[in-house]
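In the two complexes that follow, chain A is the common piece, with chain B as its partner first and chain C second.
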Partner chain A sequence: MGVRTTARIVGAQLRLSCLEALAYRVGFWSDGVVGVLWGAIGVIPLLVAIEHRPDVAGWSAWELMLLSGLFMVVSGIFSGFLQPALRASMEHIRRGSLDYLLLRPVSPLVLCLVADFAPWSGLEIIAGISLCVVSLAKLGVSPSFAELGLAAAVFAAGIIALYALGIMALALSFRALRLQNLTDFMETLLDFARWPTSAFSGPLKAFFTFVIPFAVMTTRPAEGLLGRLDVSSAAVAVTTSLVLMSLAWILWRRSLRLYTSASS
Partner chain B sequence: MSRGLGRLAVVGALWRLGFAEAVAYRASLAVWILTTTFPLVSLALWAGIARAGGPVGGYGEADFVAYFVAAFMVRQLTASWVVWDLERQIRLGELSVYLLRPVPPVLHHAVTNLAALPVRLLLALPLAAVVLVAAGGLAVAGDPVVLLLLPPALVGAWLLNFTIQVAVACLAFWWQRSATLFEIWTCLFVVLSGYAVPTSLFPGALARVVVWLPFHAILGFPVELLLGRLDRGEALQFLGLQWLWLGLFTAIAALVWRRGVRAYGAFGA
Partner chain C sequence: MAQPAVVAKGLSKRFEVARRGAGVGAALRALFRRETEVVDAVVDLSLSIEAGERVGLLGPNGAGKTTTLKMLAGLLHPTGGSLEVVGYEPRRRSPDFLRSIAMVMGHKRQLSWDLPAIDTFELHRVVYDIGREDYRRRLDQLVTLLRVSEIIHKPVRTLSLGERMKCELVAALLHGPRVLFLDEPTLGMDVSMQLALRDFIRAYNEEHGATVVLTSHYMEDVAALCPRIVVIDGGALRFDGGLGELTRRIRPRRRIRVAADRIPELAALSELGAVIERHAGSLVLDVEPGAIERVVPELLALPGSRDLEVRDAPLEEVMRELFDRPTEERG
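So, the complex of A and B:
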């Protein structure tokens, strides 16, 4: 299977989802408006912390807003691309209609990850990017090209880590049915990506750095934009996400063998 | 068999049904409970902030631990998910089957939701216990009169949560995706109820306003009651407020349900 075929499939599914999103406008409210609203309301606990403290774990108010902006981008990618695809694929697994995907001459994992999209969540991504730009302007920080590049690379690794977690959830749903709510669990946990990982201590800090690496998704990229990220931390972040993706791939291969379709 | 006894037998059967469902899909239930561990992560966060720089607005490290463990347990005890089930049943027309049965559909949902509570507690209690042992115990209210108010407060919180969900779900009779509205409600709930952060830490005026909202009546009030952060007068006042909200939302839910069922019939479903 070539890269071009894959790209064409992704493109076709995106087009289909966009057409559907335009046909049923309810998604504008459920995906777009709720996403942006949640992004905005969720800032309140951060504001409460800043109200009582000059900074949170060394992060000032607008630095925290930058982190929140990055969080909204990650959250938008999750609820716009990953979550709908996972839900649709888990439903295929539960009903046995995954057969139709497995029969196609393309990698089943790719087909599962493009099974459905929610384009209106793009609003949350746009709002997140705007918040990042405003925060950087307020801080008077203008990242150099090298800093931007490093931040972008780590952010990409963060998205890979996010997808790795999604693939693991999908693999688990072969074993236990009715696990659609695993994506809700991810969504809930994701909310803590608003906080710098250094605000947590002990095992939870390690957990959010290596197991569910919010550090790679938001904290490190934000540090990169602020010019506080050194190359070794960036390397650790990228390695973390690559290890997670390898684990996810192994788990997926093993789980796929367990699949017994609807009739057998 | 008398009518009352018959009703009781039906409720018993529904209870067993709900319990069996909860046990059958225990993996799913366990994930739901994991989803509600949100306060436990908030706990780590705020306790960490308090440890680093001293108490935050009257909450020291131990107070945060007690607060969020209590919030976790209250959330477990007052959980229901009727909005998702009822909305789907209305949207897909499955409700027709339930309307034909001799049990009111809302009672069916209430009993099956309640029946999952024991399983929920069984899965959640060890988690709460581990956190409490690790953190060194939970100081509850010293005044027995205040503690006596806890059961009605919890019942009220469960009923309020349930009634609001029914009211929102019933909007699906006219507006197919009413669950979206509940998602917006949940967004507000997480922040304004004291679930993500104690409401007393909000800046002055906001802190005084949010305690009068139904969000706080569902979660923040029972939690603060349990922890002894309210004196007798305040506790009674907030309990009254909670049941006032309950009365209001019950009236709304009853109205929307009655009108809705009529509109539903008009589709020919």
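So, the complex of A and C:
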């Protein structure tokens, strides 16, 4: 399936999800208010931490704010795109309505990954980007094109890793039908991405770098923007993501073959 | 010679299903040790369907009809045998194959629940890469045939079951499939809606030459739509042929209906055939084929005899008789 076709289908599905979100007025506005509050409350632990100490694991207050901005972007992508899509797809698998997705002449994985969308999470993404811009301005840092490119590459790798973990959870749900809470578990783990990887030590650091690279999704791009990321660290982040995505793809293909649908 | 729409040879599907006893204890034990059993849903099924045919798959619950249909549509991978649908191997789910088929399931929906059906149609336009002109033309055609021009603009959740199914059919047919798989399309519908859908399916098949494979628990659907019947039971093929042939094989007696001013007593009727219904002004008898020539004149000779009708037994009764037989006698 070509990139243009994929983009058109993603666009059409997102349009449909937006229309669904707009179908219920009260639900739409309450989702918005909850989304804004959720994002704001999430920054409070960070504010408490930097009020009592000048830095955390070598990161100054505004550097942590930059990290927090990146976290908000990742979190917005997760709660706006990946989590609703995973929940909807897992429900499709449980009820057997995945049949209709499989009947369409496009990649079922793409259809699953855009099965639902929470438009209000866009606010969290915008707020996160704004916080990054403000933090960089306060730090007096203006990244070069090369630094921006490196940061963008590792950020993209982080998002790929996030989606790889989501695909693995989805693939598992073919075997165990009630795994919606896995997405809540992912959301909880994602919270660790608020903190720099240097705040963790030993096995926990390795875990959040290679196995579930949530910390890499924010720490490495922030380091890139601050001009502290070397190419080898970026390469490790990209490689980790690609390995995870390959594993996720294999697991997805195997699971699809095992799909038994639901009885009539 | 045109290529057959479906060719299945020795098709099989085996499932491993979990089983546990009733109650909390069994549920708790199943958390740690899960018992499974193997179910052969489809066994060595061979079948060929020509392009443009309308075929009804019949069988009792759990016979393997839906499993067969899902293998034909590429939703389930066969455990054994070979299968080709319009020249493609369905399990490979090639985009060209998926563009050639459509499936409608009466117990599942693909339309977005909270939105008008027209929004899902638009998604299908993009997914099936239908040009805007073609899309408008096909949509107009389907909407006119099914008389749904108003309801496609209402949220699906506000539609009746029949209206929703009509919209599901529009969604399934927008891309002009060559093969249409229908799994219980009239499930839960009232009689008038069933008739409307049957008329539409027949018209679509005749106009576009599309192959239709149908499963339905409503025997009238199958009798009215499908000149060819495939009976599946216990996952295996039990009969493949015309409706008349099936009826004559399973229930050769003909059913005679007659109205008359005076109906003879039961004792006198027993010589004519098996009495199914006897009322003051009407009579229904099942008569052996060889006795028709003798019985019909006798019934016509009744005082005020009128409206005499000789028919095959209803399909429901034929199927009931078939499935009530021991398995070895069904073939």
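Everything below uses one rule, namely that the second predicted complex is superposed on the first by the 250 of 264 C-alpha atoms of A that agree within 3 Å, B and C clash if a C-alpha of one lies under 4 Å from a C-alpha of the other, contacts with A are read in each partner's own complex, and residues count from 1 in each chain.
Keep this in mind: a residue touches a chain if its C-beta (ideal position, glycine included) is under 8 Å from a C-beta of that chain, and two chains touch if they have at least 3 such contacts.
Only a predicted model underlies this, so the values are computations on that prediction, with no experimental measurement involved.
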Which superposed partner A:137 touches (first chain B, second chain C, both, neither): neither
First, second, both or neither for A:152, with chain B first and chain C second: neither
Touched partner set for A:250, first chain B, second chain C, both or neither: neither
Touched partner set for A:34, first chain B, second chain C, both or neither: first
Touching partner for A:96 - first (chain B), second (chain C), both, neither: second
First, second, both or neither for A:235, with chain B first and chain C second: neither
Touching partner for A:188 - first (chain B), second (chain C), both, neither: first
Which of chain B and chain C A:104 touches, first, second, both or neither: second
Residues of chain B defined as touching chain A within the complex: 25, 27-28, 31-32, 34-35, 38, 41-42, 44-45, 48-49, 51-53, 56-57, 176-177, 180, 183-184, 187-188, 190-191, 196-197, 201-203
Chain B partner contacts - residues on chain A that touch it in the complex: 26, 29-30, 33-34, 37-38, 41-42, 44-45, 48-49, 51-53, 56-57, 176, 178-179, 181-182, 184-185, 188-189, 191-192, 195, 199-202, 204
Touching residues on chain C, where the partner in the complex is chain A: 15, 66, 70, 73-77, 93, 95-96, 98-99, 101-103, 105, 107-110, 112, 114-115, 119-120, 122-123, 126-129, 155, 183-184
Chain C-facing residues of chain A, complex: 1, 5, 8-9, 11-13, 15-16, 19-20, 23-24, 95-97, 99-100, 102-106, 257, 259-261, 263-264
